[in-house]
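When the chains are written out, they are named A, B, C, D, E and F in that same order, and each has its own residue count from 1.
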Amino acid sequence: MLLHLSTWLEVEAYLSRSQGLIIPIGSTEQHGPTGLIGTDAICAEAIARGIGEATQAIVAPTINVGMALHHTAFPGSISLRPSTLMLVIRDSLMSLVRAGFTKFFFVNGHGGNIATLKAAFSETYLDLANLNLPQSDRVQCRLANWFMCGSVYGLAKSLYGDQEGSHATPSEVALTQYLHPEAIKQAPLSPQVASGQPIYGAIDFRRRYSDGRMGSNPALATPEHGKQFYDLAVKELSEGYLKFLSED
Amino acid sequence: MLLHLSTWLEVEAYLSRSQGLIIPIGSTEQHGPTGLIGTDAICAEAIARGIGEATQAIVAPTINVGMALHHTAFPGSISLRPSTLMLVIRDSLMSLVRAGFTKFFFVNGHGGNIATLKAAFSETYLDLANLNLPQSDRVQCRLANWFMCGSVYGLAKSLYGDQEGSHATPSEVALTQYLHPEAIKQAPLSPQVASGQPIYGAIDFRRRYSDGRMGSNPALATPEHGKQFYDLAVKELSEGYLKFLSED
Amino acid sequence: MLLHLSTWLEVEAYLSRSQGLIIPIGSTEQHGPTGLIGTDAICAEAIARGIGEATQAIVAPTINVGMALHHTAFPGSISLRPSTLMLVIRDSLMSLVRAGFTKFFFVNGHGGNIATLKAAFSETYLDLANLNLPQSDRVQCRLANWFMCGSVYGLAKSLYGDQEGSHATPSEVALTQYLHPEAIKQAPLSPQVASGQPIYGAIDFRRRYSDGRMGSNPALATPEHGKQFYDLAVKELSEGYLKFLSED
Amino acid sequence: MLLHLSTWLEVEAYLSRSQGLIIPIGSTEQHGPTGLIGTDAICAEAIARGIGEATQAIVAPTINVGMALHHTAFPGSISLRPSTLMLVIRDSLMSLVRAGFTKFFFVNGHGGNIATLKAAFSETYLDLANLNLPQSDRVQCRLANWFMCGSVYGLAKSLYGDQEGSHATPSEVALTQYLHPEAIKQAPLSPQVASGQPIYGAIDFRRRYSDGRMGSNPALATPEHGKQFYDLAVKELSEGYLKFLSED
Amino acid sequence: MLLHLSTWLEVEAYLSRSQGLIIPIGSTEQHGPTGLIGTDAICAEAIARGIGEATQAIVAPTINVGMALHHTAFPGSISLRPSTLMLVIRDSLMSLVRAGFTKFFFVNGHGGNIATLKAAFSETYLDLANLNLPQSDRVQCRLANWFMCGSVYGLAKSLYGDQEGSHATPSEVALTQYLHPEAIKQAPLSPQVASGQPIYGAIDFRRRYSDGRMGSNPALATPEHGKQFYDLAVKELSEGYLKFLSED
Amino acid sequence: MLLHLSTWLEVEAYLSRSQGLIIPIGSTEQHGPTGLIGTDAICAEAIARGIGEATQAIVAPTINVGMALHHTAFPGSISLRPSTLMLVIRDSLMSLVRAGFTKFFFVNGHGGNIATLKAAFSETYLDLANLNLPQSDRVQCRLANWFMCGSVYGLAKSLYGDQEGSHATPSEVALTQYLHPEAIKQAPLSPQVASGQPIYGAIDFRRRYSDGRMGSNPALATPEHGKQFYDLAVKELSEGYLKFLSED
């Protein structure tokens, strides 16, 4: 059930049986010479919808732009500042808690969002407590990073070994190839690729990682791999969502 | 050309021939008993993509959640505060201007976004001036509300007359029916519908407009009408975008 | 009744019979070679006071500085950022709502304030709802732009036709001449005046509108015209205020 | 020379001979049973204009609402939060520094503004330094509290002794009587008046100072005293302004 | 009793007998060629702990960094902006008020903090009122500047006369010598030292006060003097704290 | 070398040979019935100073209050909101970068700070880039959590096994016992201790973790263990700091 394809009456009915909501969050940032700028949002959205189907849960519209400041020296990247993303999360949850939602399951496609999301959850819990809504102290946010699922990680290691890298990875590229076969890209990929460097500001990032990849070889990706990743992530996170719902 | 399905190398190449970007912005809010919560985002996204195809322009990911505070007493609505939406616009444009974009064409699906977007543009121009980027004083934002196109407005009046209303209108519902025939909804619609009331806070709004409609009769909508609206909006706004690009 | 010339005891007494307040808001910005920098505040203040007298309503002190960022490349202009003006409105209304005021009638003298004021009203309604004051969901803000009154607009068109323009207009200059005959200015006015250009940042604005006027010929203004505009605006807006008070 | 009655061309000419600006700032707050709510703005504005005339300096529009949170339990008081007032000062100075002003002389009518103004000046100096304008490190703000002038203070003590008090004082009431003889108020004043209590929040303030006065007997005020205060303040602060201008 | 060396159970027990808390606040800023960068925090912390011992009060951890923007052109200085320091104070007090503390006694070591602290207190009272906690309108903040104690000031004048100056004073240097004899510094001190100059931005400050001192001769300081200052300040402020606790 | 015990001349000299700075950051929060509220700040400060001695680096004053919102239902806890802590970090780094520091090594004692610190670093890199300082894109922040050192973690597991838990751990309690033997606390510790529960808001946290511990048995701690932890952490992090300095 997709929130944007529902009516408020349908949401009202849903709330009488569940207070859970799945929120996909991605990023709009460079993913190397062959990776799509929307990779993180595309993956998060598809997996979130898969979970929604599997668990009869509502899926919110995707937060397409996240915290990707370190990628902004590559054209096409768009980033919110962490403080802005925190406000986006806060405002969104405020609207939803007032309506009765209390269990928020964020399906996240971007490692760079994690710190900001955690900070946002903390700040939101405080703001909710200050409002003194009846359900304020029952609101729970859970962060589910699909690329950190055990099953996903295991498959990536077995398929790609060290060439999985940590950005513009073959696993995420494979998933976008599965989801958007019409947008599979070709570009020369230098076999030399920087790896293991720390991340600081945007200009420094591009200096270190000259084509945007971080230790990865996305040429290994195939749409068939992508389907496997999709299935594993949806399965593992559907279980995670149902467990989250059942917890006190 | 969709930004999220492009690579940064493709964006770099694009920027050497155009500095224009189309940004769809919608809202996630109740649209009456039969309108989709995502109506405004769905319409803006589809029309923006149509313009992008017609003009060879890049289309950014859709801003799905806008300024809909007055709708938040209906479940499923999500809103940013105006001040947060202003920061979202500011941060996004900052990323893009640094990359070389200077002409931003916002395809907007929600009347409630207009004031905040205008305020955001003003604030962003100042922030850009403070950065002293070479292109700072050449950045231009244009707001294009598809539902205010002369051709669209004319068709709506001819098809629906006074029953067009001003929220959950048959024209926007028709457009979503055309785009999402799988999500055409049925629900009883009272022939009595409030109209012409002012808009204040969320609770007051629901008190005045008890089922969420504002003077509209969305039962008049058909997918065929939707296609007509789509074609008119894409045509008129494509011309608007090209004119915008050509202006000094 | 002017708030600044009243005592708190008088306000307390007033509140027992009315919860309405008239708030003039202007701007401090260039108005071409012959227009006063304070034009928008002067006009709004005078008309607001006229309405106050006609309706026995309290008039708050004038907000002299508004949102005029696009004028700040001309010396003497002062502007708040939209986000700051929103906080000014929010804070002011919070003080007043706590005291018992619930109906706020903004008499506005500057088009550039409109978007920010609308955004501020939305944000304030939310903040009030979060406070859970008994009257929170009864607070109403109304924006009354004197220059958009039907009667004013009609007279301007009949007196000046196309030479009314849209900034440093003869109508507003006439009104300041009526109110401040000691400050009627003379300066050469080029017959060539830019018109119909869009508005972006401050430097761009001055590049387009080199002497600050936007399509207007303020040399047509006379103090006698000013009195006519004053009378029409006070009459029309007094009726508007009383209607606003009487509405649910 | 009043900024709001000037044109931008006149300001441009002024800037070629002086970079100084006088900014009156008051407050909108209860002043006891007989004091005007606008007392602090009225006094600051009149004195600032007197200084402007005496020194050929431009006087900016008055900041009518200041930091008066502790007075907001009395109806009619309006206050900005300190953080908001800081932004108002910052934004205003930013506009003016860009135009070439560098010497800002604040004529202040309200003790409660002092801390916030000082904090605002510090923050503004930093923001200006971050902009790297040529004149950034030459900008100077000076705070001139008319009621703390030696000559004013001396007269108040000689006329009223301990009955001067510290809020709704006879000296400020006298000044408003001189400036607005049409608004001289009568109300019973209890001879018992709280004094010397500390200031915390708004509700606490009203509990301690039940009619709004702080140790004062405004019944001693006369318009003639008011003229004396006016003359002394204008003289002393005009000298202060000229000295400020002449300093490095 | 030091908060950081206590357990929450001990704090809970304390709160049943007292709602007072002593909060030391200093600064991290240059103090001339021989003064310690931590002077203001060191002094405030030691005196606060002395008061805590004398009065059986809990002492909070020291706020080591304050508002010292004007010192930041000297290396080693760290400053919060006033608006940030206000948030730090606000957040901290919010945590503490929720736990039951209502009387906050700030022992301050830095003149530059005073304005910001006062502004922060005002803003916090409002935020507390908005939360509607039972104790909201009983919260009291008191600012105690140790260097402004009558007894301290008197001793400084008698020991150093005009050479006390106003920054990097012998009195505060003496106190740090008493507290940190291992860190007594030697450096040439020009007998010419600027004095009486106003304070604007950081670069301007260093231009005026070239070695960081303001009219002071810290070479006069001795650890023995430091002990005297310590004893006087602890005695006078302990009485002040007890009086504060006893007040309504 | 401790910043607060240095003079600005000494810092200036230091900067000519190193641009590194060690910044301890802790928290002020409950640590169970026997743990000190200042545990995280005490540990971070001591280890940071140990590193400073071992590497001849300057150590900044400790940030005593961090992000501990989830602990604030236990009295004595003080927390900044994440957004406030981000501003504290930002402002502090801005001061220091202007002075010439570029390598910031945060010795952190609190897991709850990690997300906010990472977000703060990202935001600060952007703000520095916007300032266009020469060294802007060379600024590097490194987060060093002493409790996550391999050597520390190994010892904790070997000494305490599962009873190490994740808050109010015997390892951190041991370290405070070593550093503050005068403040070793005794209190009954239930053998039943909650463990593995998620963390949401403050009230929820206390409901789940009734005495504040998270799966830990701090009764196992001894001062001797504390010395071992101290030595291991200082050794490992000193190497880490030197490596950080040497990196590009």
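By our rule, a residue touches a chain if its C-beta (ideal position, glycine included) is under 8 Å from a C-beta of that chain, and two chains touch if they have at least 3 such contacts.
If you're wondering where the values come from, they're calculated on a predicted model, not measured in any experiment.
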item: Remotest chain, chain A as reference, centres from CA atoms; value: D
item: Which of A-B and D-E has more C-beta contact pairs; value: A-B
item: Mean-CA-position distance for chain E and chain C (Å); value: 46
item: Chain C and chain D: spacing of chain centres that average the CA atoms, whole Å; value: 24
item: Junction residues of chain E - those touching two or more other chains; value: 81, 83, 132
item: Chain B residues within the chain C interface of the complex; value: 67, 69-70, 81-83, 86, 112, 114-123, 125-126, 128-129, 136-142, 198, 200-204, 207, 247
item: Contact footprint of chain A on chain B as seen in their complex; value: 2-12, 15, 28, 30-38, 41-42, 60-65, 72-81, 83-84, 87-88, 90-92, 95-96, 98-100, 180, 182-183, 185, 187, 212
